[in-house]
Amino acid sequence: MNSNRLEAFSDGVLAIIITIMVLELKVPHGTDIEALAPLLPVFLSYVLSFIYIGIYWNNHHHMLHTVQKVSGGILWANLHLLFWLSLIPFVTGWLGENHFAELPMAMYGGVLLMAAIAYFILQNRILSVQGKDSLLANALGKDIKGKASPIIYGIAIISSFYNPWVAGALYILVALMWLIPDKRIEIILKKKE
Amino acid sequence: MNSNRLEAFSDGVLAIIITIMVLELKVPHGTDIEALAPLLPVFLSYVLSFIYIGIYWNNHHHMLHTVQKVSGGILWANLHLLFWLSLIPFVTGWLGENHFAELPMAMYGGVLLMAAIAYFILQNRILSVQGKDSLLANALGKDIKGKASPIIYGIAIISSFYNPWVAGALYILVALMWLIPDKRIEIILKKKE
Amino acid sequence: MNSNRLEAFSDGVLAIIITIMVLELKVPHGTDIEALAPLLPVFLSYVLSFIYIGIYWNNHHHMLHTVQKVSGGILWANLHLLFWLSLIPFVTGWLGENHFAELPMAMYGGVLLMAAIAYFILQNRILSVQGKDSLLANALGKDIKGKASPIIYGIAIISSFYNPWVAGALYILVALMWLIPDKRIEIILKKKE
Amino acid sequence: MNSNRLEAFSDGVLAIIITIMVLELKVPHGTDIEALAPLLPVFLSYVLSFIYIGIYWNNHHHMLHTVQKVSGGILWANLHLLFWLSLIPFVTGWLGENHFAELPMAMYGGVLLMAAIAYFILQNRILSVQGKDSLLANALGKDIKGKASPIIYGIAIISSFYNPWVAGALYILVALMWLIPDKRIEIILKKKE
């Protein structure tokens, strides 16, 4: 089994996740600017989650590009990742509708943390098939971003209960950290060609 | 007609089914842990159904991999399977919102039973085209799991009315039975290469 | 431009249409058989529409298989078809929730009629590119089903206002007429190989 | 990385956007023509947005057809475009439910304007990789439509507050302008073959 259908299915799930989040932006009844105001936090949390799903899609895309054969283990590790990502619309809606309250803020981080762990497991599954000198292993190097993210999520979850804004800032920080283009795999792939 | 577009369409439907189930996790109004508590059964039934759709996707993927030409019969047998799977979000939501009550528990098993029968019909359609010595026929062997599942579903449906927890345990049992990687087709495909 | 991306996009839209219809099956609050009873007409209309979308997907699939190049005209004729099909979940929900009342019954036929006309336009666009001796032209022959369907829909729409059950029977008749495998294109394609 | 998976993901998102808009057409409770009347503006705004998404899909399709390699910049410019397009169901629903009131009308134009700018950025990203003598650069020429659209959106947004019908007419005008088949890239591609 090659990775094409796995990519196609993951693309489908990610495309649906990124799009159904917008359904939380409920059409307001009024037509003035006051009617829109309560939607602002929902909108902001939508933007953040859109970027996160975009980052996951991007990295997932690059990582699966290095996979030749899909084992049962990779397949279930991938579904495990999709499971946690599928909860992002729920925590995004909860976060936005409650104006970034403590528990929703912590839960948002909790889902991000579980997704990061699931991504890490998937990555290890792929590496264990490919070996330590593989394309992906070289591209990841010390994988500082991959290791820093769960730690920052953990700090953000704890700080949610003291100051939700600190947690929010940390979630934005991680997103920005990944938005800076991750050229590692791209560079290695280019060398290979 | 080759199997590519059939796979792509099935992937699309399965990706949507697996993702819209999360819409049953309605965003709660409160922000404390009590607000989340009523969602726990919904969440648990979501996890179980996510695993079931994952199993179907996985097995469907392997089975269609052996198909060269798609006849009209295979196409409609496939749509019949997708029909029953499309009802899983409904029974999952009903099950979760009613804390695993008798009738929803039985209905959940009923849909799983119909999906298993539909899968069986699709499998037979494919086998009847390929012959008894085909790749798929060898891979399936006696197909013990495929035959045991509908029987266990049947027992679970009956036991739903006496003790829903027994039914729940049986649904988890079948899921675990299939989660143990089904290497049959994978092994045969590897031999062929 | 080849037909691959057109097929992929159409598959995506059809997969979503066929799946979001199930969202009309709203999870009932009760847990006894009486709670399910009001869902029966919704379920029945879902079954019928599922079969119709399945038929369209099937025929669409075969027809596009004969297309080599996609012109702008074909592309927009295809979007026009998808537009009318996208209204099927709406009329299905309206039909089911109102126990097959007159106007919803007529509207259901109206959308089917417009979809049939849109399919006819798309077919003609493809034929005008391919010529009268093309694969598709031969496969269609006199296209009796294609011409009979809109006429039956028209009769059904009118009869909706007198006896909705007659209209319902006619919609089922057309579905059955198409369910009988349409081997025309399949046969011609086989000859070609 | 080639453009296949980018196209597949974009197709998925666009297919979902174009289809979930229909969910704003809420099934009415009554069964007479009066029950349908309030849905007319929702339906009309759905038609307009359906055409807009169709135009974007069409142009996006042609443009990506000229792309050989997808850089990180192109990928994020594409996600940026999809973000603004994902808001179209929201503004469409708001517009339709409020009978084309001032602010919803302006917001609709605002989202269209942002999408046009995002498309422009994506186009420039692709052009900057391909160079001034590339296929796409020739095909676009002076790109009069691409430059006129944001200006017309701007005028429409302002006129929304004075006369929403003028704004509506301008949105229809831009849609018609693009509906007239954009043969530029098609022609150049044909020459190339």
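Residue numbering begins at 1 within each chain, and the chains themselves are lettered A, B, C and D in the order written.
As a convention for this text, contacts are C-beta pairs under 8 Å (C-beta built on N, C-alpha and C of every residue); 3 or more make two chains touch, one makes a residue touch a chain.
Values in this document were obtained by computation on a predicted structure and should not be read as measured data.
S.K.: Using just the Cα atoms, superpose chain A onto chain B and tell me the rotation angle to the nearest 5°.
M.R.: It is a rotation of 90 degrees, to the nearest 5.
S.K.: Shared interface numbers for chain B and chain C above half of all numbers used, same, or below, different?
M.R.: Counting shared over all numbers used gives less than one half: different.
S.K.: Taking each chain's centre as its mean C-alpha position, how far apart are chain A and chain D in Å?
M.R.: Each chain's C-alpha centroid was found; their separation is 26 Å.
S.K.: If you average the CA atoms of chain A and of chain C, how many Å lie between those two points?
M.R.: Inter-chain centre distance comes to 37 Å.
S.K.: Two-or-more-chain contact residues of chain A, please, as numbers and ranges.
M.R.: 8, 12, 15-16, 20, 23
S.K.: If we count contacts the way the header does, which residues on chain A are in touch with chain B in the complex?
M.R.: Of all residues in chain A, those touching chain B are 1, 5, 8-9, 12-13, 15-17, 20, 23-24, 72-73, 75-76, 79, 82-83, 86-87, 89-90, 93-94, 97-98, 101-104, 107.
S.K.: In the complex, go through chain A and note every residue touching chain D.
M.R.: Those residues of chain A that touch chain D are 7-8, 11-12, 14-16, 18-20, 22-23, 25, 27-29, 31-33, 36, 47, 50, 54, 57-58, 61-62, 65, 179, 181-183, 186, 189.
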